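Labels for the chains are A, B, C and D, by order of writing; each one numbers its residues from 1.
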Amino acid sequence: MLRVGLLGAGRIGQVHAVNIAGNAGSTLAAVSDFNKEAAETLAAKYGAAARDTADILADDSIDAVLVATSTDTHSDLIEAATAAGKAVLCEKPVDLSLERAKACLAKSAPTGAPVMIGFNRRFDPNFAAVKAAAEAGEIGKSEMLSVTSFDPAPPPVSYIKVSGGLFRDMMIHDFDMANFIMGSLPVSVQAVGTSIVDPEIGAAGDVDTAIVTLRYADGRLAVIRNSRRAVYGYDQRVELLGSDGLLSADNILENTVSKSTVAGVTAAKPEFFFLERYMRAYAIEWQAFLDAVSGGTPMPVSLEDGIAALALAEAATESASTGQPVEIAL
Amino acid sequence: MLRVGLLGAGRIGQVHAVNIAGNAGSTLAAVSDFNKEAAETLAAKYGAAARDTADILADDSIDAVLVATSTDTHSDLIEAATAAGKAVLCEKPVDLSLERAKACLAKSAPTGAPVMIGFNRRFDPNFAAVKAAAEAGEIGKSEMLSVTSFDPAPPPVSYIKVSGGLFRDMMIHDFDMANFIMGSLPVSVQAVGTSIVDPEIGAAGDVDTAIVTLRYADGRLAVIRNSRRAVYGYDQRVELLGSDGLLSADNILENTVSKSTVAGVTAAKPEFFFLERYMRAYAIEWQAFLDAVSGGTPMPVSLEDGIAALALAEAATESASTGQPVEIAL
Amino acid sequence: MLRVGLLGAGRIGQVHAVNIAGNAGSTLAAVSDFNKEAAETLAAKYGAAARDTADILADDSIDAVLVATSTDTHSDLIEAATAAGKAVLCEKPVDLSLERAKACLAKSAPTGAPVMIGFNRRFDPNFAAVKAAAEAGEIGKSEMLSVTSFDPAPPPVSYIKVSGGLFRDMMIHDFDMANFIMGSLPVSVQAVGTSIVDPEIGAAGDVDTAIVTLRYADGRLAVIRNSRRAVYGYDQRVELLGSDGLLSADNILENTVSKSTVAGVTAAKPEFFFLERYMRAYAIEWQAFLDAVSGGTPMPVSLEDGIAALALAEAATESASTGQPVEIAL
Amino acid sequence: MLRVGLLGAGRIGQVHAVNIAGNAGSTLAAVSDFNKEAAETLAAKYGAAARDTADILADDSIDAVLVATSTDTHSDLIEAATAAGKAVLCEKPVDLSLERAKACLAKSAPTGAPVMIGFNRRFDPNFAAVKAAAEAGEIGKSEMLSVTSFDPAPPPVSYIKVSGGLFRDMMIHDFDMANFIMGSLPVSVQAVGTSIVDPEIGAAGDVDTAIVTLRYADGRLAVIRNSRRAVYGYDQRVELLGSDGLLSADNILENTVSKSTVAGVTAAKPEFFFLERYMRAYAIEWQAFLDAVSGGTPMPVSLEDGIAALALAEAATESASTGQPVEIAL
């Protein structure tokens, strides 16, 4: 039974709390948050203790921490927790700075404490099935990957300003998906971006709509499409063309009902946003972390994976700004 | 090159004219209709002659006739045309009276002239694929057939009154589909019907909505659903459950475009009615007739098939009226 | 916080235990089972006590019981629990005997204790959406309902022999679905059945494949199709034709991945069986029970509803045997 | 009745011959081909005369010519035919050289003879429906277009060598689709290409797989994906994201049949290649040409449109080679 400290009691922390508490292999032992009330409310719900982060890290009865705090604290907390010998599951991204993330790896790796980055989409059963089918050779040799990833609505511009930009904040998930499915890093990144959804986002120095193409050393290609706004819901699709066929993972719809009238045939929309779409993925992710910790096996998504996605995000940010392709060298 | 006389220049006659004239193996030589102007207009379009029916039947240069006149003339024309040695493709149904249809068979069979009944749906590529897959054993042993057949809108009540009723006029297509897919006649028929779409149809002694179940000697079952009104278009589906799986033929939609908005995902409706849905089937049907005539092979849909469907229609009419199952004995 | 005693620690009891324990409004206080070890194991998992049924019913601190025992004990337990003032959620069917079920109602109703029957499919979000759309008038006036309900594989013949037969054991769910969607009882039932899946089932006096048609006083019709075997998974669909359109609830697939190769486009199968397909429905069902108990509002599925479904099952059993339609009078 | 001369009796010429001859508004008067036998065979089928091209152009009784010869003759034939006062429908592309195509426009425009370029996909009812819905504002303001266009199998390398390359030979259709849907030219083009399907294609200096992104002056983006090989059939899809929703035109499948077994649910593949998929589009295209000629209205796809698509193809060819974005200035 893994005793877990949850750092961060916000929206995503609450999702993790359900899985930690509900899993037969783990107990939610403690919760911390800079907002003490939030920590107390969440802790109470699961019979856990609301405590300071330092306190939790110093407690030898805590085996692992889940880092669900704001991005700017991730690197520090990974370093502190691994130094304290805790297993760590940290929400993505590792950091907004590639340099800082690399430093975090340099510091935490020698501790030997396992660190996993929370790229939840790898645990979506649909995307995982695409990966498995491709690896099983069901479509022969992979040639071209397409990732579609549209949010239902943009966040407030105030958030945009501190987000690190669309490529680091949003497309980083899709970069990791490309790394996951393709199994290696691209050699070059080309990006175009625009702020057509909301000019305020452009005024804040960011884009809200972008297309990125990736080129791999062996000739494979990939393309990622992002938009901050798809009014019909969270559009999350993956398509992989190979020498023997095509694999497609489509959206999960709100229900299976269709209505046929003189106006056409109307079906349900995609699940609204990540909490709905990836609810199952978060539970599977937590189980995967537990399995790796208890089995002493490699983390299914490593800190290095987090850095790789960040490197692509940084390159895309540069490419979208200069209009030039950017070479990837990690 | 088969020289063809078309008897009947109405809506369905015009559909056949296109296929007769457009096929490299046949020529539209003559057209007749009790409305002489209609015959002349249609004949002119294809360089054919507008003539009397008797004239056409007496003309030895005419090899075949397509009977597309009103139902009450079918039996007489089949008899006259086969007596004149013509190959005959006659629109369904053979007759509204099972007794009369049997007499027609008795009279025409000895002439040796080939007679085909125009059950166009057998030539729909989708239903034909279901039949082929079932015969190839792709779903093991067949167990339960379901036929869905809804028209977009009811005909005028004036037509209903002379139609012979829903079972002879509309469901006869589905009885033939059951005979086609199942490959044998059921032993018993149970029907329920209602005039819920339009009480005027009920007042005219007919039903507009009906469900019929068929029981086969070997234990197989089938169900047919009919409605005179599906406002979203012509709903034409077949489903066959077998020991190793399910075959489903779904509707053909007007196009492949979908629109995703906050209101849901809207796709196109089924093709509107039989002229749209079965346009290809009519051309394939004509080709099948030509092939059988020129090859001297058995007609793909025989006069006996027409009688079999009529027998089921008659039984269903009786069952819907008495509430009792009716045994089938041909 | 409702304190709940769970009677029955088998497969379905375990599903309910998760929901009782996981729901913020209820606690799993006690578990009983004739197999004491099963009760103890399940109780331990949720910090509940393993006790005798009589003990649980006699405990005033227990507010409600969930009856998940074998069918032959349902009526007795409903009577005993309501006599003890407990709210009851009882698995379907109420009983295999319509007469006994009616007696149970007569005895339990005067206690005033609320009784709900666990027709889980009413709480499936897809079927509930069909019901809601129909009631909102989205397809005008309802005319014809179709319920498809195929199990992946037949149970052992030993189970079949004590099951009460396909109509009482399996189709009873679909009778309740018809009652739920149509909002009233049919006036007449016609059934055909066959043992084409497994002759052993026929030898045991039961059928494994059946089609039932229902006729309503206002002219509406319904048809239910059942098979004990659909090798591709649990096939659970509902279709409602109305004057302004069609509502269809389709299957939930195992995932959204499709693979296109030279062999065709292959997608996932339906969820395997009821535990997969209706997992969400069971949680929603429990919430609905809690809401009704705490709000003092009518049970969403009453004991009378359980009796109505049973009456249809009994009529269908008779009709399949005699070949005659059976009138419904409750 | 437009009298038409068909220049070129190859595969695509034969497709046009059917439509010219079958249309009530046109007659196939003459056919030419450098292979005289091919011209004679095709002409005989439709009662036309096999003649020399020069002869056809000199014949004042010929109103229009359809140019279906090899690409290197297009510009010359457009110039000669317009000089002779014929209306021209010329297969795509205008030319492999942008400069030559512009010279062709400069020479042919002053004659006043109407010239249409055969971008058949504009007449596909699905893509036309996307265009119409977008123009009707059904998804608000357009933001991002995606065009997927995969051939079933690559042509022989001998053809590749004279094709002008993937961007001019294959993706030119998709550039025109972008111009058609977006209604204006992009300002910049970025391309990546690879010869992953067949290294021989790379050795011949071409690519077989490519992704191109387009940037528009108003901030809109587009992406085109091409592969010379999709073993499951001709993959032709369009997707347009707008401020109020998404429009998607999906593939047309070979039939509507699906088979559900323990192995999954298998449906039909997309139509095999352009002759199957765009059969209807070719007929609609011919009707559109006839309507514009007879009505004296602007050609639905002008010579300028052909030049615009060629300009994008040339820019993409350069970008794929240099790795740099290329600005578009016509």
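Miscellaneous remarks
Just so it is clear, contacts are C-beta pairs under 8 Å (C-beta built on N, C-alpha and C of every residue); 3 or more make two chains touch, one makes a residue touch a chain.
Worth saying up front: this structure is predicted, and the values here are computed from it rather than measured.
Any chain bridging subunit A and subunit B, meaning touching each of them, is among C, D; the list is complete. Relative to the C-alpha centre of subunit D, the farthest chain centre belongs to C. One simple way to say how far apart two chains are is to compare their mean CA positions; for subunit C and subunit D this gives 57 Å. Subunit B and subunit C, compared by their mean Cα positions, are separated by 41 Å.
Residue positions of subunit A touching 2 or more other chains, listed in rising order: 230-232, 244-246, 260-262.
Residues of subunit A touching subunit B in their complex: 230-233, 253, 260-270. Residue ranges on subunit D touching subunit A, taken from their complex, read 141, 143-144, 146, 150, 188, 190, 192, 194-197, 209-211, 213, 215, 218-221, 223, 225, 227, 229-232, 235, 241, 243-246, 323-325. Contacts from subunit A toward subunit C in the complex involve residues 22, 24, 45, 125-126, 129-130, 133, 138-139, 244-252, 255-262.
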